Structure formats: structure tokens, C-alpha cells
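Before I ask anything, let me first share the structure, which is written out below as C-alpha cells.
So that you can tell them apart, the chains are marked A, B, C and D in the order they are listed, and the count of residues begins at 1 in each.
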Amino acid sequence: MTTGSESGGAEVVLGPARYGKAEVRLLHVDRAGPQHVITDLNVSVTLSGDLAETYLTGDNARVLTTDAQKNTVYALARKFGVTPVEEFGLRLARHFAAVPAVDRAQVRIEQYAWRRIEAGGALHPHSFERLAGTRVASVHVRDGGGAEVVAGVDDLVLLKSSGSEFQGFLTDPYTTLEPTQDRILATAVRGHWRYADTGQAWDAAFAGARAALVEAFAATYSRSLQQTLYAMGEAVLAACPGICEARFSLPNKHHFLVDLAPFGLDNPGEVFYAADRPYGLIEGTARRAGAAPGDQDHQW
Amino acid sequence: MTTGSESGGAEVVLGPARYGKAEVRLLHVDRAGPQHVITDLNVSVTLSGDLAETYLTGDNARVLTTDAQKNTVYALARKFGVTPVEEFGLRLARHFAAVPAVDRAQVRIEQYAWRRIEAGGALHPHSFERLAGTRVASVHVRDGGGAEVVAGVDDLVLLKSSGSEFQGFLTDPYTTLEPTQDRILATAVRGHWRYADTGQAWDAAFAGARAALVEAFAATYSRSLQQTLYAMGEAVLAACPGICEARFSLPNKHHFLVDLAPFGLDNPGEVFYAADRPYGLIEGTARRAGAAPGDQDHQW
Amino acid sequence: MTTGSESGGAEVVLGPARYGKAEVRLLHVDRAGPQHVITDLNVSVTLSGDLAETYLTGDNARVLTTDAQKNTVYALARKFGVTPVEEFGLRLARHFAAVPAVDRAQVRIEQYAWRRIEAGGALHPHSFERLAGTRVASVHVRDGGGAEVVAGVDDLVLLKSSGSEFQGFLTDPYTTLEPTQDRILATAVRGHWRYADTGQAWDAAFAGARAALVEAFAATYSRSLQQTLYAMGEAVLAACPGICEARFSLPNKHHFLVDLAPFGLDNPGEVFYAADRPYGLIEGTARRAGAAPGDQDHQW
Amino acid sequence: MTTGSESGGAEVVLGPARYGKAEVRLLHVDRAGPQHVITDLNVSVTLSGDLAETYLTGDNARVLTTDAQKNTVYALARKFGVTPVEEFGLRLARHFAAVPAVDRAQVRIEQYAWRRIEAGGALHPHSFERLAGTRVASVHVRDGGGAEVVAGVDDLVLLKSSGSEFQGFLTDPYTTLEPTQDRILATAVRGHWRYADTGQAWDAAFAGARAALVEAFAATYSRSLQQTLYAMGEAVLAACPGICEARFSLPNKHHFLVDLAPFGLDNPGEVFYAADRPYGLIEGTARRAGAAPGDQDHQW
């Protein structure tokens, strides 16, 4: 990133750059056993390295085409399978990091959930119904260096109809919110966690961490969504010793009690308006003390 | 719709017209028992009647404001509860049909699915996780006349990884598709059914019809998505004698086998590309013979 | 639609059915002149006819594959060009209606707007920027029979910051809205119009009708969105004698004046909250008196 | 971020955290002159600081509610106006950074484009039509410290129907793409630039930078989208000396030439299929040499 160019009398240089193929949609069908196993993925690849020539002059000699990246996703899926997605991500990222001119490869995978359909009193061998929620894996590999694995959930929608207060907050001249001792708490969890190394039991770790954060949401008496966030992070770290950090981004999906007094009705916490925008957005991180810092170039 | 106006020398008249409040988002919390019961709805109201004056002159004396419609949704929810949604829709539609100047009222309700969170080995009394899929009810009521109830599902995503062929089709000069004896069949079901009367066991009827259509999708060896559609319709009618008609709109969500030959790999039905657009769109209706025709003004 | 089947002891018959390929995305580049002309389309085909066998038995002998429909869209684009879109729709619909087993063909086309980029003081010959708004054409052709052409706009977002009141409306026990003499009026126009025949100057008719409805929105002092809707319809009919009917679906995109009194501030129509949901939804039709009725099977 | 907690025998600490109100939708109407001026915004606030107590214990004494943040957006809009958005963002961010317990405030504003409607041969004083494209401003202020301003465009869709090649690229065993000397180049520009200081002529700078990047897209003969990206960055820096860095994220919206040979037709660059997914994603930065580095905590 040292090569530059002249523009308007002032020198311009290339700063951070990366590229790749995004959203390669892949369905994998494992027909080995009597029951098919399907895996439904959305794979995005991002590569960094010595890319200055293509940006500065259009010389593409060091550019692995995004089309080839797509082909690689499909071919390695056939050669080695796609589960667990953390392993598939590692395999892809290591493959790409070994390409000439690539210094770093990041592979992000979304996995959509399906369940087997019950028909005639038995689970059907090759028919499925899609469920809510997305499992995510993000793998970052440096050429000749280490690999970092992150996993998590996206768009996991949770709600508590009680056990949530919000009071004792700072008041300024623009504060009109009344403190409340009982409110609806609802969010769509984006929760991702970083593993200490690549030697994890991926499926068990994911299942344990997911269950722990959902249970923490339910079991925590909430004084703020921030507090609930941190409790979820602690639960993830407690559930899996291989996890060293958990990050959350939680929209506060507001539900407002409807004023029914104009119609001669009370409303004892029964009828709410579910608002779209604006919404609160609470972000935070729970870290295991002493854990090694993560890779600054891994974007998750 | 007989009043007109002059425009450009030619008389213009008012044709079909209707109006209402769309997408009233409502969360209802039933706190009566030891465990809260939540119902998460999206309610849309549409009214028709003698509306000519507001369209032609802006005289609003016969217009029930859409704001009042929204208030009514919330107030009746408090007074009478919101389940089953077919009953709530009937109550609302009858209320609106009785308003002066309203001849017909249609109420469409989407209900989002939630399940109770398990925490500490038990189902939590007031914490919930949202599931996929939407239950729909549409009710149409005429002032002083009958009511028609439709229910169904939206965006129920199903997939078969085998048991689906497509061959023997018409070929024309633009046909290049190869017949196949084994393909992926995937769709997002929009399936709605009309009840013969308003005296149904709504929740049981919905559950039975939904289960029947999912099972028919799984159990039917598919020669075309059209055939699967009709089999689903037959199953819905067989499951519930109170249903007289079922309509489906089924996108054919194409999954294409990836050609891996350039990489020296075969691909025996294992790795597929899930395409977005274009998609097939198959629509059809299964009707009980001899059933009374539905209300032409009910839009579902 | 006379063939039936047995299900649960009661006979089931096939009701209305149709199928086709949806959302064929096509970019056409005309390189004939010194300046390229691009046309960016989304084409959806729907066919009806004697389809009972495929629904009832999976015999596909009378099914033109949706893949062939897609191929046809691309091939006829190459052979005959794609503009004006009403002509392209007519050509496609007539082609499909002539296929054996097809009785009726409907072709819906969305055209996205682009403008030429200005570079170096001149319009660039082959570089373009996309604009807002969608032009729509819908053509319905019966085998051996007539053709009906509809055109219009989708998602044309308009707003008046004055010149809109709403008062004199009916009040019921659930009415709390205050009458207003000055409000924000905003909508996203879905406005489609039917032509009397297929011999129109399509581009001129479209441009005239679009301009007329936008100008009517601006020029009409609004007593209700219903009144504005009808004024837009009259304007469309006045602008083009070949148009015999105009239908509109107008969401009322509410803007609420923010109460700033708690902060010691007035708010004389200056700061508004733009709400998402719920919204009013106003629908209506303006018809030329004496116009022949449209084709009931044309869904627009 | 020093306070911790015990969990599962290992100490857990709070890492990076922030919160705020997202997507406050605001329409501002300036009625001062004979013609109304409207400004349509979406404002998001994010605050950081000493937030440990609310995360760790639910003590909210240092939490400025997101509701108060929303109120502040509306109140300051009334007091001081909202244009240019960079100034409004600075005013808001400085206000929030001065709140006790807040160390850093980031305000992101999206501004939607509107134009005046022409009616009766003149521009209408209070009627408007919405245009495509979004102007963005992001302001980051440290308590007692500096302010950083970023501006740019989102979702600016551009296309070249010629003047774009892609060849000479690296080939690996998974490369099947053929080099091309003439292809469609299309993207949706996310282009943001950082100003060297807060003393800019914001509207002129924005207009100049936007025009420069669009013109560079058109005028650059493209050997890769990377090269085009960098040319756009150079153009932005050349257009405005107050800009020290420009970042771009450019999806490569693929258009594939349709193979019409099966139908006996050639296709000399005329009919293309516009694909949705996957897409290339090219990111890069152009920096003025010697420019001071930006604030690492400003997320743009």
C-alpha cells in the first residue's frame, strides 16, 4: 500500500483494500445414510494482500477472480463436505490464504436452520421445513500464520413480557421518559463469540453457547438491556471454556402500552403497540480476563 | 358509485373504492394464569361503502378515520381478547360493518409464532423466542349480511431433496430444459383456505389444515409443483370438513446442480446453487365439489 | 376445470389455476447509434389454460416450462427489441397465447429509470445513473381474442408540506383524531391505467399520464387523500383520451408534528416524525363514463 | 472497562460498549420563504463512555436514555435547523459529548433527496417528488476533544454499457472465467469521505465530491472495478482539498450475456441477464499522502 499516484497536484495513495465474492448460496445434500442431511449456506469470501497494481493501473495479474472464489466454494464443498461450518470456513480460508498475492482471507458463512417434516407418524427421510434464525461462522486466516474462528447467531428474536424494569437513569432537560418497574423487553440478538483456538468441538460449542444466551435472557431480571446483554455474554463464556470473547448488538424493540382511557378502558399491561423506528441499539462485549486480544483485521 | 364529474369534456365516474388502516402492530399479553400468554399481531382494516363524496368533493362526513380504526383494534383487543384470530377478525369486521356509511368490512390479521423459552429445565413463565412462519386470517363482513372467514399460512418454506421429478413436458422452439427424474423441490407456501361458515373450531381447524398440507408436501411423490399444490389442497380439504376451498401460490425456488466437471469432480446430486430470480410461480385452487361460491368482494 | 378427484369421501375439483416465470431480469443495450440506449426490465409471465392434467395427475404434456418462458423473453428481446414496454409485452403475450394449451397469457413488465451521466460537459455515450420510480406495463391476451394493455407507475413518492386539510369527518366513540387545517400529505403512488385499445402512442401516453397525475397531486388543494386520488385519476383521463380507467392504491404516509412543549419550544409546522406503521391505505378508481368494462381475468 | 464479574470460575470483564437511539425519522419544513424547503432525515446516535455500571449491575445513573436522545434530535432541529446535515450532526454530537458520563458521541444522518414538482409551468411552492440516492453524514466528537466529519453517498447505482474490460488476471485450478474486452460494469456506490477539519463549505464540498466520483466512473476506461474505485477516490480528493480520505464499497452487479445460440440467434452485447447473487464486493481507500490518520473509534 505504498504505491501512489498524482492527482490535482497532491499525491494520493492507496489505503486499506480488500475484495471477494459475496453471498454464494449453496445447498449441500448428504445422501450417504437412509435419511438425507441438508445444509443450506450463504458464503462470503474476502481477500486482502498485495493488490496495489489492480487499483492503481488495472494490472490484474495478482487478482484471483471472484468467479474462481465462487467455484472454489462449490468444489471444496463437494470434496470435503460443509459441516461443521467452522471447519468449512477454515478449509476455505486456508485455501485462499495460500493463493499467491493473498495475505489474509476471511470467510463468513450463514447457515439457515431446517427441521425434518413428520409425515405418517415418522420423520420423513428427505422432506424439510425451514426454521427461524441464522447460525454464523466467520474465519480469518493469515498466509503462513494463525487462524481465528468466530461463531454466533443473527436475528434471534426474544421477548420478555415481565421481569424487566428501567429506572434510576440520568435525567437531562430533554428527558421525558417515565421510569418503569415492568415493561416489555424485546430484541433481535446479533451475538457473536470468538474462540481461543481452532481445536473446538464446533457443534457442541455452538449449541451450548446459544442455549446459554437464550436462557440468560430468560432468567435475568433486567434492570436495563445493557445488563441483560452482559449477562448473556457471561453465560456464553461460562458455557464454553474455549470461548474468550462475546460481542452483542441488540436493538431495543420498543413496545408501548396503548392509552385506552379515552375509551373508558384501563390497560393493565395487556395491549401494546409494537413500534418499528426509532429503536434503541445496545452494543457490548464480555471478555474473559487475560484472554489474548483478537486479530484486529478480522471484521466480525 | 353513480356520482361523477366533468373532466376534459368527458364525464368521469368513480369506480371501485375502499380504504382503511393497514398494519396495526399489536402485542397482547394475557397475564391471567401463572404463565403469560402472548399474541403478536399485524392487523389491517379495509372498508367499503358510500364513499363517493369524499372522493369527489372532499366532504368527509361519511369517513370513519383510519385513526379511529386503529383505536378500535386496540380497544376491542382489551375488551374481548384477540384469540383465536378468526374470532377477533369477526368481531372487528362486524363492528366496522355496523358503522354508518360502511357496507363491507374486511379485516386481515397476521399472527407471528412464538415459543416459550426453556430455562433451568422448565418452561419460563414470561420469556419467549420467535419462530418462523405466519398464520393468517381474513374476515369479510357485509352490513346486515353474511360473514366469510379465510385462514392460512404465509411464507412457510419447504424443501424436498428427493422424490421430485419433472419430465414429459411440452417442448417448443425455446425449450432447452432437460427432463429430470430427481430434482430439489423447494417453495415458500402461501396457502389460504375458506371456511364454509363461522361456526368452526378455529385453532383446531388451523392446526389440522397446516399439518395436512405440510405432510402432503412431504408424502407426495412430485411430478410437478402443480401436482404437489393440488395434493396439498386435497389434504387441507380432507383434514377439515368445514373448509370448502384452498388456494395456493407457490414460488418454485430453483436449486441448480453445480457443474464441477471443470475441476475434475462429479456432482451426484450433492452441491446445488440456490437461485433468487427468476423463479417459477405456480398458483391453483382445490375446491370441494358443490361448495357455495365465495364472496367476490373478499380479497384474499 | 371440470376434472376432479376423490379425497376424504368428498369430491374435490380444480378451481382457478395459472403459472409462469416471475421476475426475469433483463438489461437490453441498443448499440446502433453513437450513444448506447439501455433498457432495464423485470418481466413476469403468467399462463392459464387447460392445465388440469398436471395438477391432477402430474402429466405435464400440456405444460410449457417456465424455463422456456424465460428463454422466450430473452430471445424475443434480441429479435424485436424491448421498447416501448407495452409493445414488448404485447409481443410476448401474443406469443404465449398461441402456445397449445394456453388460453390466456399475462405479461407484466417493470422498467427501471436511468439517466445519462454528464462528464466533461457532455452526456456520456455509455455511462448511466439510476433514478427513482418504476414504470409498469401489464398486458393480457386471450388465445384468438383481444388484448388489454395497462400501464402505470409504482412507488412514486410524493409529498405536500401544505395545502392539505382533514376535517369534517365522521366521529364515533373511538375517534380521538383532531381535525386539522394544515397537515403533511405524503404517499407512494401505485397508479395504473387501462387503455381502450392497443393502438396508442405508448411512450407519449405514459409520459402524459405520469405528468398529469403528479401535477394533479401538486395542484389539488386536498380535503382528503381520497379526493386527491380521484383528482389524479381525472387528470390521467383528461391527459390521454386513449385511457379509459385509472386505479390507484395510495398509502397515507403519516407525518406527526412533534410535541416540543416539554422543552419550552413551540413547533409551528416545522418538525415532524415520519411514521412507518400503521399507515392509511386509500384505494380508488376513476373511469371514463361509458367505457367498455375491462377483462375480469386481467390481474392488475 | 475495568470492573468485572465472576462467571464459571473465570473472571469476565466488560469490553467495548456503546449505545444510542437509531433511525430517528425527521421531516423538517422551512416555511420562512415563499417556497417551502423540506429536509428529510434519518438520524442515529451512538454514545460511549463510562457505562460499566449499567452493564454490570443495572445501575442506570449514568445512562442518558435513548428516548431523551430522540427528543434532543427533534428539539435541536427546531432550535437551530437541520442543514447542512454536517452542521446538524456536529451540533448534536457536541451536545451529547458534553453530557456527563459520555466520552464520545457519534451521529450518523441519512438525507433523502427530493425535488420540487413542476405544475402549471412553474415550480410548486410546497409539493415535492422523491429522488433516488442518499446523502450521508457521520460526525464523531470526543468530550473536550476534536470532531471528525465524514460525508458521502449510499446506494448510488451506476452502470457502463461499454468501456470496461477484465483480463490478464491470475488463473488457478478453479478459474473458468474467460477474459473479456467488453463487459457491463454496474455497481451501487457506497462512497464516504473524511474531511480534514470542520471548517468546510459542506454543501459545496458534497456536491463537488459527488459529481467528481460519478464523472470518474463514466470517464475512466475500466480494466477492473478496483481501478475504477481508485479513480473515483482520486477524483473526490482532487475535487475538494478539504477531503483527506475516501473509502468505497462497491458491489460488482454482474450482468451476464445470454446465450441465444440454441435459438439460432447471435447476441452481440445486446441482451443480458442481471444477476442478484453472488456478487463481487470490492472495497478500497484513496488517501491524501501525509494526511493525519483518522479517529480509530469513528465507525464509518
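Note that a residue touches a chain if its C-beta (ideal position, glycine included) is under 8 Å from a C-beta of that chain, and two chains touch if they have at least 3 such contacts.
Keep in mind that what you see is a predicted model, and the values were worked out from it rather than measured.
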Same or different for chain A and chain D, where same means more than half of the interface numbers show up on both copies?
same
Suppose chain centres are the mean of their C-alpha atoms. Which chain sits farthest from chain D?
B
Roughly how many whole angstrom separate the Cα centroids of chain A and chain D?
22
Distance between the CA centroids of chain B and chain D (whole Å) is 37
Residues of chain A that touch at least two other chains are 25, 71, 75, 174, 176, 262-263, 276-277
Please give the residue numbers of chain D that touch chain A in the complex, ascending.
4-5, 7-8, 10-25, 44, 46, 51, 54-72, 75, 99-101, 166-172, 174-177, 222-224, 226-227, 229-230, 233-235, 237-239, 241, 245, 247, 251-252, 277-290
Complex contact set, residues of chain C against chain D
25-31, 36, 38, 40, 71, 74-75, 77-79, 114, 117-120, 124-132, 156-163, 184, 214-215, 217-219, 255, 258, 260, 262-263, 265, 267-276
Note which residues of chain A are touching chain C in the complex, please.
173-174, 176, 262-263, 276-277
